[in-house]
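By letter and in written order, the chains are A, B, C and D; residue numbering begins at 1 in each of them.
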Amino acid sequence: MNLLWLIPTLPFLGFTILVLSSGRMSRERARIVGVGSVALAFLATIYIATQYYAAAAHGLDHGAGFTVSLWPWITAGSLNLNFSLYLDGLSLSMLFVITGVGALIHLYASGYMWDDPDYTRFFTYMNLFVAAMLMLVLADNLVLMFLGWEGVGLCSFLLIGFWYKDPKNGYAARKAFVVTRAGDTAFAIGLFLLFRELGSLEIQEILHLAPENFEMGGNMPTLISALLLGGAVGKSAQIPLQTWLPDAMAGPTPVSALIHAATMVTAGVYLIARCHPVFLLSPIAMTMVASIGLITLLVAGFTALNQWDIKRVLAYSTMSQIGYMFLALGVEAWDSSIFHLMTHAIFKALLFLTAGSIILAMHHEQDIRKMGGLRKQLPVPFWCFLIGSACLIALPPTSGFWSKEPILLAAWEADPIFWYGAVFGAFLTAVYTTRLMLLVFFGTPEGGIPKTHEPKGWQLHPPLIILAGLSLVAGLFNLPAADVLPHAHEHHPPLWVEITGILLPVVGIFIGWQVFLKGRWQALRMESPAFDGLRKFLASGWGFDWLYDILLVKPFMALAKANRNDIVDLVPKAVVVASSQCYYFFSRGQNGQLRFYVATMAAAAIMIISLALFT
Amino acid sequence: MQVIGIIVSLMAGGLLAMALGPKSAQASRLAALAGLAVATILFFPLLMLAISETGSGTGAGAVWLSQISIEWIPRFGIRLLFAVDGIAVILIGLTLLLGYISLLSAWSEITKRCGFFYFCLLFTLAGVVGVFSALDLFLFFVFWEVMLIPMFLIITVWGHENRYYAALKFFIYTQASSLLMLLSMLVLVHMHWQQSGTISFSWFDLLETDTSGRLGFWLMLGFFVAFVVKLPGIPVHNWLPDAHTQAPTPGSILLAGILLKTGAYGLLRFIFPLFPEAALEFTPIAMTLGVISVLYAAKLAFAQNDIKRLIAYASISHMGFVTLGIFAWNAISLQGTLVQIVAHGLSSAGLFAIAGLIQQRTHTRALDELGGLWPQVPRLSALMMFFAIAALGLPGLGNFVGEFMILLGTFQTSPIAAVVAALGMVLAPVYALIIMQKAFFGTPSADAKSTSVDLVPHEIFMLAILVVGLIILGFWPGLLTNLSEPGMLDLMRNGLPAGQGG
Amino acid sequence: MIDAVIIDHAFILAGILFCLGLAGVLVRRNLVFVLISLEVMLNAAGLAFIAAGSAWGQPEGQIMFLAVVTLGAAEVAVGLGLTLLLFRRFNSVDIDQLNQLKG
Amino acid sequence: MTAAFIYSLMFYFTAAIAVLATLLMITRHNAVHALLYLIISSLSMAIIFYLLGAPFAAVLEVIIYAGAVMILFVFVVMMLNLGHKSVEQEAAWLPAKGWIVPSVLAALLLIVLIAGLGEPENLRGVHLVGVKEVGISLFGPYLLVVELASFLLMAGLVGAYHLARQTTPTPKFDDSGTSTSKTQGDEA
């Protein structure tokens, strides 16, 4: 078990090798280092998993985790954090997701980015990202998690702005970094509060101390969990801080697959799952988590319906699926939320990678209006996309169904409103996924079926096929996370609830098919000018971008421009001006006329004498 | 005693460099390097002593590593009192390190009158080492002046376009405030003489004076102003942007890397221990000043168009955290202040070195004239990215550890200040990434100056030292905090008003 | 003792003459007139000394008067020399010509 | 008509003449008239000195002031031939409202001086101080004053002589403010 430190160091090692080589390394060697390090990390995870299960087999109680302490990190006064990694069921399942899906995405990326000039730089950032994400998941104390947290944010900044030639990408990257940084600041303030209240930042200690020190529903646990939720919302692009995710699509597609679908955006879910005892202490926080999840999934659902860029549709669908995970966390369906996290990582990565192949085939064309009828020219991507969409819609045999169904049932247990919202969300997911499927693969766009060239490189198809297989089979795994998180009690809602949960996506598919292929009920497509305002509002992500622009960006820019050179600097300048004015005033007194001088002398004499006499 | 040896060797190096100056620039450079090398050799035993002292790990090591006191002006009880504790060792180490960095960056940039430049450089270093180790207030004041004059000369002689304005402003600001300090110093000694009957300028004796009254508050204010001017706090900060934009690169490195630290060190050493009650009473105001300088400087940094000016405002924002940390006055925030000081020293030295390199290559510092540097100078841009990220406080690098500990410590004493200062963490990436976007990303604008020469090995070596330093500070801050543990705890005990526990 | 009143009035007379002389100096732009008024002021000062001397019955009053007179004489001599110089250089006796030293 | 009454009558009469003469002197435009009034004023001063029991001072006043100084002034007036045209010039230089400020200042000073005078009671009347007493004290304790006086006179003499010497024609200084020195080899 003490090889645990190997997992984060392998990608970090890959990163250092690529950085130190800095451009002198050929593409092949860079590919080997880049993909190899993550693949090795995956093997190491498997090795660690075998040890974990072996230990669990002979009697070690399930919940216990293993800590590997490396060196004392920050020690001052009552604070002593050390650089130590902690492994338990939850972090093991996260490890599987990160290294497994990560390795596949790296393999795919090595083919996808083949003719990009900055090949080595791409893999440098990707390896650093995987290392930071592993550090986040394996962190023993919250500050180390914060290190991973910010490292991940940095890498998403670097990778979104990877094609730095176009300033828009730079803007999108900075926007992502600053918005997630706002969430991180809330997270940091939560840490300070935790430290002040409980005196320690070790996760395990907090989880033990919290129930003792805080009373149920008290305002301290609510405040702390609200702040932690702030951090989670920032990183997982939920409602208040979600404007950065659609713009993050400016990065290369493997980046969107790895960071903005599979791993980084799930960091918030992992944080809440990891600190669930604190959240359990305040029902208000739980309802907050659930309601944020619900609102995001609905908002994202509607927006996805009106997007024309293939990656933006997938980005909004990611946001909505994470909304489901938050909903699951809110309704205390802990293990099903982590389960959904894993399955979502797999099928969303699959969808993004296939979208990447489509974009590559269409010479970097991302607008689905220009695509259509591609199923014959791109068979593998077509079938993979089909499987991915099936999971997304949560049709029964696929893993999507096995993970989303318990969330719906748990939502019903907690509060029927959550269930109605969630089900309606599922329906929306079905509609926009079929819309995407039909517009891209079926039907004929005006300019006829576009000619596509089959991208070369053997690395592209195998990962797709593996991921497609996994997303079908994943429903059967039972994740080790289950033994760490509290067991969700059995759901037995009325029968009609389960049936509607299953049938509604099918209805959604039917409607999607009718509207987008058969061309019936055109009104529903909201293309007519009457709906123009509404469509633009929905397409822009419910106007959050516009709102933040007006509220925060514009005033700050105006303030910055207005005060370019520092009004405080005027104080010394004012002193200078004042002294020169005085000089000018007095020097006018020396006008060279003798009579004026004699007069001043006389006046002075008068004053002095009268002063002497009368005082 | 080593410290006197270090100061003398630095001064000797300076004089030698000046003597050799007219003959050949290379000779004067080597002389300066020799002076610095001798100083470092003398510094190592001190460092070994400090490490061995903390070897016991329980923080029970002796506080004062080496102390020497020679009679200077017996009538007034002024003695050449040099004493070095954990904090001073670290800061002297930082000074010598940044001495090397500025020497390396001066290698290519300073061409005319090299001898005199190295004379000024080494005398500033000697002055700063003196400031960190002098514990006789009068001696402290002498060194406080010694480090000011050569810095003024560096800016006036080798500066950029309107260097006279900047140098004069720098001089007036620092000189005026240090006179204030001199005044309160004398009154303090007088108070001590009245209370204890003996005239003495030594820090140890002055610790005992009871400075709780209104007068004590004014004396503290005198010291506070002198140090806040040097560590630019908001109301008195506007000499720094001008001094930095006009100073030559080695000058900026010295200024940002070391001279700002003397202000922070002064606050640490003199404000709380000598005036515990007054400082406690003054804490809310000082904290608001700190918070304002964090946020206001960050906003200003974002608005700047000149790289060096932007970095200057960024260091004001970082130094705002230091004020916060010092006035929170608990173990965590004080150690955090020390880490922040060292980390800021390294990162701002790096930023200024790179700004200088950019100016050498493109002959401009204006951000709107630069653009798309990344394809032309990838290594330089990667290093700039590293330092910009360090400046915005990415965990895993020194600045974050410092800022986090400061905010954590400040949260104990005043949560509001900590929360508002935490907003500084949001503003930091705004200004740090603007440099990257305007200068390095994007396509080079039509009239952007193109440059073909990427980093030269000796420049990479110079920056590599700083990169390694920051990473070590980020992952193993323990190396630093253990050294300063005994000194800091002892300082903290002195700083708490009578009766308050540890 | 009416005599005492005389002394007091002598002082008042001196004051009056002094102020008249001052007014004369202030008004004039012609250097000669300024010198003349100056003479009167000196005279007034002399009178004050004499009055004081006679009030206390001591000769110092008159000695001081002697000093004042010599001063007056020397001053007039130099003043008139300057007037001549002024006239030769500026071809007029107007003091305001001499303002090169103004601020 | 006792002696005291004549005495004070004489005093006030000459005082009035003196003030009147000075007043007229200040206001004249013609230099020579001003000089004449100056002579009258110094003569009346001489009489007052005599009345105040300082005969030596009175004589001195007459000889030096009325005599020597006036002669100097007349000489200068003649040399500068401040004749007819200078009267209009003088009138131009002396506008009526030019008088306001000086007179106000002078009046103020007068008031202040008079207010400064002490009570007259402790002044013990007029004492005759003869020439003998003055002579004795002059060359007694005050020998130094005599020497100083001689220095002063010598300085005055040398100064006047040097200033007024006509060695080289002094450079004309026309109104343009630039000194147009036409002399050759002038050390200036």
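Note that a contact is a pair of C-beta atoms (placed from the backbone, for glycine too) under 8 Å apart; a residue touches a chain by one contact, two chains touch by 3 or more.
Quick caveat: nothing in here was measured; it's all calculated off a predicted structure.
Peer 1: Taking contacts as defined above, which has more of them, C-D or A-B?
Peer 2: So, comparing the two chain pairs, more contacts are at C-D.
Peer 1: Please report how many Å separate the Cα centroid of chain B from that of chain D, as a whole number.
Peer 2: 74
Peer 1: When the centre of a chain is set as the mean of its C-alpha atoms, what distance in Å lies between chain C and chain D?
Peer 2: Chain centroid spacing, chain C to chain D, equals 5 Å.
Peer 1: How many angstrom lie between the CA centroids of chain B and chain C, rounded to a whole number?
Peer 2: 70
Peer 1: Would you kindly tell me how far, in whole Å, the mean C-alpha position of chain B lies from that of chain A?
Peer 2: 38
Peer 1: At least two other chains touched by the same residue of chain A: list those residues.
Peer 2: Within chain A, the residues that touch at least two other chains are 599, 602.
Peer 1: Quick check: what residues of chain B touch more than one other chain, meaning two or more?
Peer 2: Where chain B is concerned, no single residue meets two or more other chains.
Peer 1: Give me the residue numbers in chain D that touch at least two other chains, ranges are fine.
Peer 2: As it turns out, chain D has residues touching two or more other chains at 101-102, 105-106, 109, 113.
Peer 1: Between which chains does touch occur?
Peer 2: A-B, A-C, A-D, C-D
Peer 1: Please give the residue numbers of chain A that touch chain C in the complex, ascending.
Peer 2: These residues of chain A touch chain C: 587-595, 598-599, 602.
Peer 1: Okay, in this complex, where on chain D does chain C touch?
Peer 2: Going through chain D, the ones touching chain C are 4, 7-8, 11-12, 15, 18-19, 22-23, 25-26, 31, 34-35, 38, 41-42, 45, 48-49, 51-54, 56-57, 60-61, 64-65, 68-69, 72-73, 75-77, 79-80, 82, 86, 89-90, 93-94, 98-99, 101-103, 105-107, 109-110, 113-114, 117, 120-121, 123-129, 133-134, 136-138, 142, 145, 148-149, 152-153, 155-157, 159-164, 169-173, 177.
Peer 1: Mind listing the chain A positions that touch chain B in their complex?
Peer 2: 19, 22-23, 71-79, 83, 143, 146-147, 149-151, 154, 157, 161, 164-167, 170-171, 173-174, 177-178, 181-182, 184-185, 188-189, 191-193, 195-196, 556, 559-561, 563-564, 566, 568-569, 571-572
Peer 1: In the complex formed with chain A, which residues of chain B make contact?
Peer 2: So the residues of chain B in touch with chain A come to 169, 234-235, 237-238, 241, 299-300, 302-305, 330-332, 334-336, 372, 374, 378-379, 382, 389, 394-396, 400-401, 404-405, 407-409, 411-412, 415, 418-419, 422-423, 425-426, 429-430, 433, 436-437, 440-443, 475-478, 481-482.
Peer 1: Which residues, counting only chain D, touch chain A once they are in their complex?
Peer 2: Residues of chain D touching chain A: 101-102, 105-106, 108-109, 112-113, 115-116.
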